[in-house]
Every structure is written in C-alpha cells, then in structure tokens.
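There are two complexes below, and they share chain A, which is joined by chain B in the first and by chain C in the second.
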Partner chain A sequence: MPLIKVVTMTVLVFISIGVTNAQTGQTETLNASIPEIASLRIRIDGNSIIPLSVSVPGAGSPLTGAPNSSSWLGVTTVVGAGKKGTISVRVSQMIPGLNLKLTVAPCTAFGDGIKGTVASDRVLCLTDQPVISDIGSMYTGGGVGYGYNLTYWLAENGMDQIRGGATSVVVTYTYSSN
Partner chain B sequence: MRSFTPAFLAACLLLLSATAAQAQDASWDSHLILIRLDNMASYRIERSQGKNDPGKHYCLRITSLVRPDETRMISVKGISPVPVRIYIEPSNPEPAGLGPMIREGGLALKPSDQVCIADLKSCFTSSEEKNTIIIRILPDLPGAPAAFAFCQVIYTLFTN
Partner chain C sequence: MKKIACIALGLITLALSTPKVSAQDTNTDSHTLNISIAELSLINIAGASGITTITLSPTTTTAGAAPTAAANSSLWLNVTSVVTAQTRTINVKTSATIPGFDIKVQAASCTSGDGTFGTVVGSPVTLTTSDQPIITAIGTCYTGTGTSSGYNLTYQAVANTNFENVTASNGSATITYTITNN
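Now for the complex of A and B:
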C-alpha cells in the first residue's frame, strides 16, 4: 500500500507540473504571409547555346531541320488563391524564310503540384505566346532531365528568302499569373 | 508551450520575403539558339521515268541555299553530230527563287557553256518528277530523223 501511495503521489505531481506549464504558456498569433513565387531556370545539356541547322535529304527536296531536345525548363511556383500561372515564350528575332518551332513536352514525373497544361507545337515569334498554362503551386525539380523538355527545330517557310550564314536568337520564357 | 520567439518569427518572415523577392526576379529566363545555315546546292538530272512520255525528257531536281551576296546559275554545253536545241520548262508552280531560264525557242547546243538558268537563289523544285524542271533535247532541223546519234550534254552549276 505505501508503494501505491508513493506512485500515486508521483503521478499527481507530474500532472500538476504539466497543467501548470500549460497554464503559464502564451498564445501567439502567427501571421505568415506567403508571397507568390515564380522561379524559372533553363538547363541545357552539354552546351550553353543550342545549335540548330538544316539539311537537304536529296536534290529537289525542301530543307529539313534536325530537332534539338537538349534543354529543360525547371519551374517552382506559388500562386495566389484563385490564381493560375502561365509561362509564355518569345524570340528576339525572326529568321527570314524559316520558322523556329518549339514543342514543350509534359512535365516529368519528378516534383509535385499542379504542373499545368502544355500547348501544342508553336512557331516562335516576337510576341509572347503561352506554352504552359493553368499552372498552380508546384515544383518540377531542376537540371537536365527534370521539368519540361524543350524541343526546337527549323521548318522552311519561304525558301527564296532563306540566306546562308549564322544567326543567334534569344529565346525568353516568362511567367505570369492572373 | 513556447516554440518560437518573436525575434525568430521575424527572422523567418524576413528570410521568406527575401527569398520571394529573389524568386520574383527570376520569373523569367532566356537562352541562346545559334542557327547556322551553310550555303549548299544539290542537283540531279535524270531521264524521266513517270507515266508521261517516259524516257523522252529529262528532269532537273535542285535544292539551293545561297549566302546573301551569292547567286547561282546552271550552264549547259555539249557535242552532237546533228544540231539540237535544249528546251526548259519550269515546274508548275514555278518555285520562288528560281531565276530566269531559257524559254520559248530553246537554246542551240554548243561546245561552250551557255547559261540556261540564271540568278538562282535559295530554292527547291520538288523531289517528285511531275513537279521538276523538264529539259527536252530536240533536233534543230525541220524534218530531222526521230532517232539520231548520241549527243553529250554537260550541265554545270556555278556560284558567283
């Protein structure tokens, strides 16, 4: 019996301490403001510049452009309540007689969130065109092999206007939300 | 139980907003594409094989890509035991970039080069026979026999 009393008293003392601590604790209101976030990063496998060219399958045939799929678009977003994000693309200049075309593949499995819907093939132009829409809060992972694979190629669009030489084109991806 | 001090919370919020500001700066990204177009020309002349008068004419297929300051031309020369003329019919529709060519009246074949298609820029005809440039070589004498000796014709593509 004395042992039971000692145990009972010990338990009561611990409960009492816990209640005292709980009663003396403070309640604080945490106002966490989470801003909208959009971070885009393009990774290119191997080089920092994507090379493109055309070839001739045979005499009399139109030029064909070999596709280049060495670049990946990694994205992290936090969208506001009721908002959706869109990623658009534009180029710095057009190539006479050629269309620079883009295919954005659906996002790889890595990551989480609402990764949006990719558009069908685009002919890139000087004005922004949406290529991924209905984006929610998400992340895709970064680096080669993560995110949205970008495939570029050239297609003939007015052979008589095409001239040989080297031209550099800047391709810009921009995130916006509404 | 007190888990966070006000100072800790303030530091967290500051870090979060700083990260957000940095992320907003990176809401776009760009990269460079280098487009390299090598000047080239690929052409082929072969006897017709289609259903329309097979073997009676030649088909010229050409794909050409020129630099801004370049033009090309195709010349013809040859030797024939009898006078012959060369007639060229452009494909229909005529490809843009294909310069002027000898038309009605044809061109009398000579041992020296004569331009038959001039001012050729970037163009392609077609790989299909029905849409290629047609070349006919016909006797230049009224009433000449249908069959005559071999004539050798050489086509050369020049780039200026």
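Now for the complex of A and C:
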C-alpha cells in the first residue's frame, strides 16, 4: 500500500508540472532509459541437484532412463529494438555410452511477452545449443511451476561404453541476443 | 515548482531505468545433475511360450550304432550387464550327470542387442556338477529378450565311454547359469 501511494503521488506531480509548463510556454524533456535486460534463474523442486539414473526391467533389456521434470527456467528479458534473444544450453562433460537429453516445455502458465520458440528434444553436449529462440521482451514468473519446465533423461548411446558409478554434470543456460 | 519537477522527473527516470532483478540473476544460470549408473548383472533363460524344459531322447535304429539324440537349440540366454572396470563370465553346471551319456552345451555368439558380448567358448562344454565357463569377457551389454535374442544354447546327449552304465529310464537334471565378476 505505501508503494502504491508513492507512485500515485509521483504521477500527480508530473501532471501538474505539465500544466505549469504549458502556461509559461516552456517544455521539459523526459529521458526514459530502459536498458536491455537478460535475467535467468533455475528453480528446482525440492533439491538443488537433480538426480538421474537408469534402470532395466529384466535380463536382456536395454537401459532406460526415467525423466526428471523437477526444474524450471525463469526468465526476464527486455530486448533492444529489432533484436531477438536466444537461450542456449551446454554441459560440463559427456557421459560415456549415454546421451543426456533435454526437453524444454513452452512457457504458458504465467508471465507475458514474446516467450520465443522452444526447440525439439536436444542431446546435450559441451558446446552451446539453442533451446529457446526468437525471444522478445517478456517475463515468465519465477519459482517452481513458473517459466519453462525442463525435462532431463538418459538414453543409451553405445552400450559397451557404459560403466557403473556416479558422476556429476553441470548444465549451463546462457541468454544472448542478436 | 521547478525543483519539484526535477525531483519528479528524477523519480520517474529512476523507476523506469532500474529493473527489479535480484543481484544474483544474470544472463546465465546453471545447475548440477547427479547421474548414477548402477552395476547390473541379470541373466534369464528364454524358451518358446516361457517353457525352459527340454527333452533329449537318445536312440538309434541302426544295429551297432551308439544311441544319439538330436541337438536341441530351443533355448536362449538373455543378459543385461553393466560393469565398472571388470569383465564377467557366465558359468554353467548341472545338478546331475546322466550315466553313460555326456550332456553337452554350446552357446552361439550373440547378434542382437548392443554392447560387449564377450567370447563364447569355442567347443561344446561337457556339463558337470561344477561351474565351467561358457561365455567369458562380458562387458556392458544387453542382448534383447525372449527367444531369438541373446546367446542361443545348443544341447546334445552323446554316449560316453561308460555305456555299460546306461539303463532305460527317465532322468532329469537342472542346468544352472551364473554370471560372475572376474
């Protein structure tokens, strides 16, 4: 409520200034500077680290990875005139014999603006790949349940190279504009 | 009044030019995935309609010839294996021997599935009550499931040099395959 009051008062003062200036024949220039903004935040439901594993239903069957959809990418962008933004993704390391795959779901639940186009399923690699393109000025909301839902899973890619054990992979999302 | 105007313009400019973004939010963010691959060693014997009992009936119609049984290749060994650094071996043994006959089994190379299927022992293994290797150097692999997938097993009953011990009878034996780390 105090914030609303301050804003209201400011607008009233501005209007009255306009009237005053009109009476004296002077003009004032309002410099409104809106910078380009690109802000990403990943929210994960329940834990800051996402666990992934593979399982097999029985002897002779290939390994299958259960999908994990517990993370969300929240975004706020303000793009320059005529510009579009892209969010790319990369991983810190590859997993022998397995593909780490990603699906980005469109952002529909909240926010406003030009939220771009999500790519089809990606096999993550060490170099940046676009996953959301043609982004304009927009915001998605932040927190679990807001933004672009991220789904990860593992898929076999060279069975003979797979080894038992645990490893950690860092997944990095980066916004750029063009 | 001009002073008020300047303050008001300043406030408006400040409000428009200062985004409400957390100091830790930037144009990049990352998170960690923990990936856990469990060691696995699963084997299964597959037969048509789930039947894994086979019958070998040595006989002959030629006087003077030793009774023989037609080879039986109706069973398949399905495997899924995930190793760390080691390899694995599949051994085979029987619960009982058949007097006067050798029960032999040979695994054919696996051509389905994917991975490191290892090496099948080149000649038929004569079954005893002790484990003997039949497939060695298995790495991470899966063979596919059911019949026509995995290692095809061929059984034979061959008269041995103790034919005097043969009696006309019905016997049975349980054949056991075990996968172990090397």
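In this text, the second predicted complex is superposed on the first by the 153 of 178 C-alpha atoms of A that agree within 3 Å, B and C clash if a C-alpha of one lies under 4 Å from a C-alpha of the other, contacts with A are read in each partner's own complex, and residues count from 1 in each chain.
What we mean here is this: a contact is a pair of C-beta atoms (placed from the backbone, for glycine too) under 8 Å apart; a residue touches a chain by one contact, two chains touch by 3 or more.
Please read these numbers as outputs of a predicted model, since none were measured by experiment.
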Combined model on chain A where chain B meets chain C, clash or fit: clash
First, second, both or neither for A:N178, with chain B first and chain C second: neither
First, second, both or neither for A:S71, with chain B first and chain C second: both
Partner chain(s) touched by A:S39 [first = chain B, second = chain C, both, neither]: both
Touched partner set for A:T127, first chain B, second chain C, both or neither: neither
Contacts on chain A seen with chain B and repeated with chain C across the two complexes: 21, 28, 30, 32-35, 37-42, 44, 48-54, 56, 58-63, 71, 73, 76, 95, 97-98, 100, 152, 154, 158-176
Footprint of chain A on chain B - complex, ascending: 1-2, 4, 6, 9, 13, 16-17, 19-20, 23-24, 26-40, 42-44, 61-63, 65-68, 70, 95-97, 121-128, 132
Footprint of chain B on chain A - complex, ascending: 21-22, 25-26, 28, 30, 32-42, 44, 48-54, 56-63, 71, 73, 76, 95, 97-98, 100, 152, 154, 158-176
Contact footprint of chain A on chain C as seen in their complex: 1, 4-5, 7-9, 11-13, 15-17, 19, 21-22, 25-40, 42-44, 46, 78-80, 82-85, 113-116, 139-146, 149-150
Residues of chain A defined as touching chain C within the complex: 7, 10, 13-14, 17, 20-21, 28, 30-35, 37-42, 44, 48-56, 58-63, 71, 73, 76, 78, 95, 97-98, 100, 152, 154, 156, 158-176
